[in-house]
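All chains are identified by letter, namely A, B, C and D, in their written order; residue positions are counted from 1 within each chain.
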Amino acid sequence: MLSLEAVEVGYGQIKALKGITLRVSDGQIVALLGANGAGKTTALRAISGLLRTSAGSISVDAVRLDRLAPEEIVRRGVVQVPEGRRVFAGLSVLENLRMGAYCRDGSIADDLERVYRYFPVLGQRRRQAGGSLSGGEQQMLAIGRALMARPKVLLLDEPSLGLAPKLVAEILKIIRTINADGVTVLLVEQNAYQALSIAHYSYVLRVGRVVLEGTAEELKDRNDVVRSYLGRQAAG
Amino acid sequence: MDLLSARGVHVHFGGLRALDGVDLSVPPGSIYGLIGPNGAGKTTLFNCISRFQPYSAGAIHYRGRDLGALGPHDAMGLGMARTFQNINLFRSRSTLDNILIGMHARLGNPLAAMLSLPSGRRREGALRGRARQMAEMFGLTDVLDQQVVHLPFGYQKRVELARALASEPTLLLLDEPVAGCNEEETRELCEIVRAINRDLNVTVLVVEHDMSLVRAICDEVTVLDFGRNIARGAPVEILNHPAVVEAYLGETVAPHA
Amino acid sequence: MLAQQIVSGLATGSLYALTAIGIVLIFRNTRTINLAQGDFSMIGAFVALVILEHSGGSLVVATLVTIVAVTALAVVVERLIMRPIEGSDWLTLFTATLGVFYILHGVAGWIWGRDTKSFPALFSSAPLSIGGTLISQAHLFNILVAAVVGGILYLFFRFTKPGIAMRAITEDPVAAQLMGIPVRSIVLLTWAVGGVLAAISGILLAPLVYVSTQMMDGVLVKGYVGAVFGGLYSLPGAVIGSLIIGVAENLAGGYLGAQYKVTIAFVLIVLVLALKPRGLFGGKARREI
Amino acid sequence: MSERGWQITLTFLAFGALLALPAAIPSFYASLLAFMFTYVIAAVGVNLLTGYTGLVTVGHGGFFAIGAYTTALMAKHLGTSVVPGLVAGTVLAGIVGFGLGIICLRLGGAFLAIATLGFALAVGAVLNNWSIFEGREGIQLGKNSVAGLGIKDVGFYYVGLAVMAIVMLASWSIIRSGVGRAFVAMRDSERAAEAMGINLRLYKTVAFAISAAMTAAGGVLFAHHNRYVSTETFGDTWLSVDFLTAVVVGGQASLFGSALGAAFVVMVPYYLGELRDFAYVLNGVALIAVLVFAPDGMAGVLARLLRRVLGRTAREVAPVVDPVSVGRG
């Protein structure tokens, strides 16, 4: 289980996270929702060790992550698919996937096969440069690359960003499949309704704090969610 | 006539269409909002207006003048001023210097200034006087000589506004002014922007995703999504507009469908 | 005559290329313009000379010892000086290598003095005739060694895990971290590779230019010019750029007069930077430097 | 007295001391100090560009050489001395600097550093290979004179001091003016500077030209001080590197720092004499030490010491309490 306890993170004088607590139980998909600037990406960057926390703790299966180097965190099975995909544009698809398995020794043939099963298009394009793929294919590559590290917990930062609706649906479906195969998922989304459609449990952030949490059913019809995005009074 | 108008503006980044024929018209004297979800193209349009971004088709007119061929430094001379998304101050300088740099367009003959000729010194004196007035207006008198990088966040925000207004613009462009602000700071900023609009008679165009700000201060808003206009109107109508809600929260999908 | 000029130009150019590759490798993974790259070679030349002359070692032994010594030097520079200031702005990193440049110049001058020393020629001066063109054996050897080094580097970057990781860090250091690539170790490895290249270029240059503390000052700048051809980023660009400089220099020297030989490097740098500031082979848009 | 007041007082005291100094020291030392002034002048020029405007130059030895050779050739062929050389040398270098500025307009950071390094190399190559410059043979200059009156070591000391004072005063006047603010604005943030209406192209090229002219003034004096120029000094890129070192070690964006840094790069090798290599090591160590421990250079260290002596903390004004951000930590 991944858990954050009262985590605070600041950029200079701006506190981007003002003490958030959240739990991602094994086997779940948990969505982290909120408008732009709410602190979602900051939370993921803190989990992955790119940002130092100023207070609180982050741990997975009772092992503290918040003082470890990013590569140590990957070794402990927490792997992030960053916002904007960030595939290595000049590396081939296969090289990108190999880099995903960097911290592991031994054969990666099985893992490659698994990724190609999820994303057959990557198998067809394994020699092509990552930068030459379409947006949707790059998103698949980014997810596939992270899967190469055999994550226990997969962190996904806005996988739907900039994708056409049809592709978004496809990506969400794959995320559900990956989860069904035993990978715990923490999904950051601005696209609230779509994230809620696959998540078991959700947290809503606003300006660095958790303002709402619950199961998808609980959150879906609440005006609070809408309000936290649009700042509209619940009455409308 | 509109103070600022954009017609059919296109911007492409490689294959990506950041702006796909966007229109905008800002009437003089208003506080106008430009909103949309992440990646909608609002910052790109903002940068087209302030001349940081060239566009491939369409036209932008300011007071009837075509901006197409101008550079960023020309925009200020025409009476526009802008702020930046994540505060972009001259960090090594004092509050006073930042405001003075904001008055660059009024420097006069640079040679006279450089050589401290009498005319240059007179003008420098006048600029400094005016800069102090600006500082006073924004409650910055106590921190005039402090390096801005050491100032608290709220002060830095106000220095940036004071710097932008130092050139006495007719149009003020604000790029996500409340990014990183808490609710109290947001309220304070709303007050300041309203005062600028009312008391200094400055038209304001604000790019924002925080809806509480938009609702509180804007007379009218234009909503973009995927580089196109999707709605325009008064804030209250817009926030209930189905297309806008969908743009922000995504399509409604039945859970676990 | 023309063919000869071109071949000897290629030979010089391939030596510049070794320096240019070292500069590009270090720059694109650390944003450091390494001013000490030339000094690594200079120290290498002195070490090789000491082994050859005083210890009576063979060329092979001298080469191996030199490579180990210079690589160790590069690693020490990274660990002691560059790592504590990693992530600083490029001017700080650049100035730090300027500091290393001074220190290595001073130390070398201190140990080995300021006089130029001759380095035993590795080959007889009798040229070979290939298809009617006379080519010196040393030139041929230089081209050969550079080609082999280039080939090994190609295989390294193409097929080995650390090699691909180096490219990945160039593309996106943050994504590389998120994939679990130990960026610091790979950066250290980058400096080490820079050291190996410097050692080889030092030994190859030594017989041509005499060994002295100043021996690399000119070559280093040519290496930069070559690197700029590739936008400080592309390795093939840096190699092609270095070869172009070598040939252009030789042709200018041969046909226009010696005074044009050095100036041509500046003309090329100005042309490239003025016309294509991101390098002829730099290609696509990259993050700001 | 305010900190600024102290600065002005100390500056006047320092200049007063420099005016009186030749009376107290052997003329030999006056000559050494005059030599140092030429470096100070050059470093002030480099600092204007690198320290204040943020455009890093590793090529100003080229402008120093342009100044030196302009006056040397004029002396040789026209029989002129210091003053005409200063006028011609600074104007010529200003024009070349403007041109180099235009070429380098689109370049930032590392690319600019390499382009300027290439410029220094090219100047060295031209001096080495074009016969009018006499290469390593060099050009001898006649006895120095001002307005027809011959001057010796002490006289030349005052000439150097005067030129240094003028260059520093000019720099000070520029830096304090709106133009200087525009320079610093470009350094701090080009985007914000543009948004304030600053024409980057114009101001960058102007900064280049002024900086080149100032450095060339140092070169003119250098030539007359040694009464000899040759590619032994001007043929490589060491001068350029020394000037940059002076600026970084002394303190970027500080006129006083330029003086300290120039003194450092001149005096350390001088006093180490035969141990010249040790001076290199010291330069290198100083550079790295400054980067790690005192990014604002020797001037910054001295300013902090001065504040401590005056019994004040770095922040004179009471700390600001921001009513809005209280509780942000």
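Here is the rule we go by: a contact is a pair of C-beta atoms (placed from the backbone, for glycine too) under 8 Å apart; a residue touches a chain by one contact, two chains touch by 3 or more.
Source: prediction; values computed, not measured.
Engineer: Quick one: which chain's Cα centre is the longest way from subunit D's?
Structural biologist: Between subunit D and every other chain, the largest centroid distance is to A.
Engineer: Could you quickly compare C-D and A-C and let me know which has more C-beta contacts?
Structural biologist: Higher contact count goes to C-D.
Engineer: Nearest whole angstrom, what separates the Cα centre of subunit C from the Cα centre of subunit D?
Structural biologist: Averaging C-alpha atoms per chain gives centres 31 Å apart.
Engineer: If you average the CA atoms of subunit B and of subunit C, how far apart do the two points sit, in angstrom?
Structural biologist: That gives a centre separation of 48 Å.
Engineer: Rounded to the nearest whole Å, what is the centre-to-centre distance of subunit B and subunit D, using the mean of the C-alpha atoms as each centre?
Structural biologist: 40
Engineer: Touching two or more other chains, which residues of subunit A qualify?
Structural biologist: As it turns out, subunit A has residues touching two or more other chains at 13-14.
Engineer: What residues in subunit B touch two or more of the other chains?
Structural biologist: If we look for residues of subunit B contacting two or more partner chains, we find 152-153.
Engineer: Considering the complex alone, what residue numbers of subunit C touch subunit A?
Structural biologist: Its residues touching subunit A are 161, 164-165, 167-168, 170-172, 174-183, 284.
Engineer: For the complex, give me every residue of subunit A touching subunit C.
Structural biologist: 48-50, 69-71, 74-75, 79-80, 82, 86-91, 95, 98-100, 102-103, 131, 145-146, 149
Engineer: Considering the complex alone, what residue numbers of subunit B touch subunit D?
Structural biologist: Residues of subunit B touching subunit D: 50, 52, 71-77, 81-82, 84, 88-93, 97, 100-105, 107, 110, 113-116, 120, 124, 127, 142-143, 145-146, 150-155, 163, 167, 184-185, 188.
Engineer: Under the stated contact criterion, what part of subunit C meets subunit D in this complex?
Structural biologist: 27, 31, 33, 81, 84-85, 88, 90-92, 94-96, 98-110, 114, 214, 217-218, 221, 224-225, 227-228, 232, 257-263, 265-267, 269-270, 273-274, 277, 288-289
Engineer: Note which residues of subunit D are touching subunit B in the complex, please.
Structural biologist: Where subunit D meets subunit B, its residues are 170, 173-174, 176-182, 184-185, 187-189, 191-200, 206, 253, 315, 317, 320, 322-325, 328.
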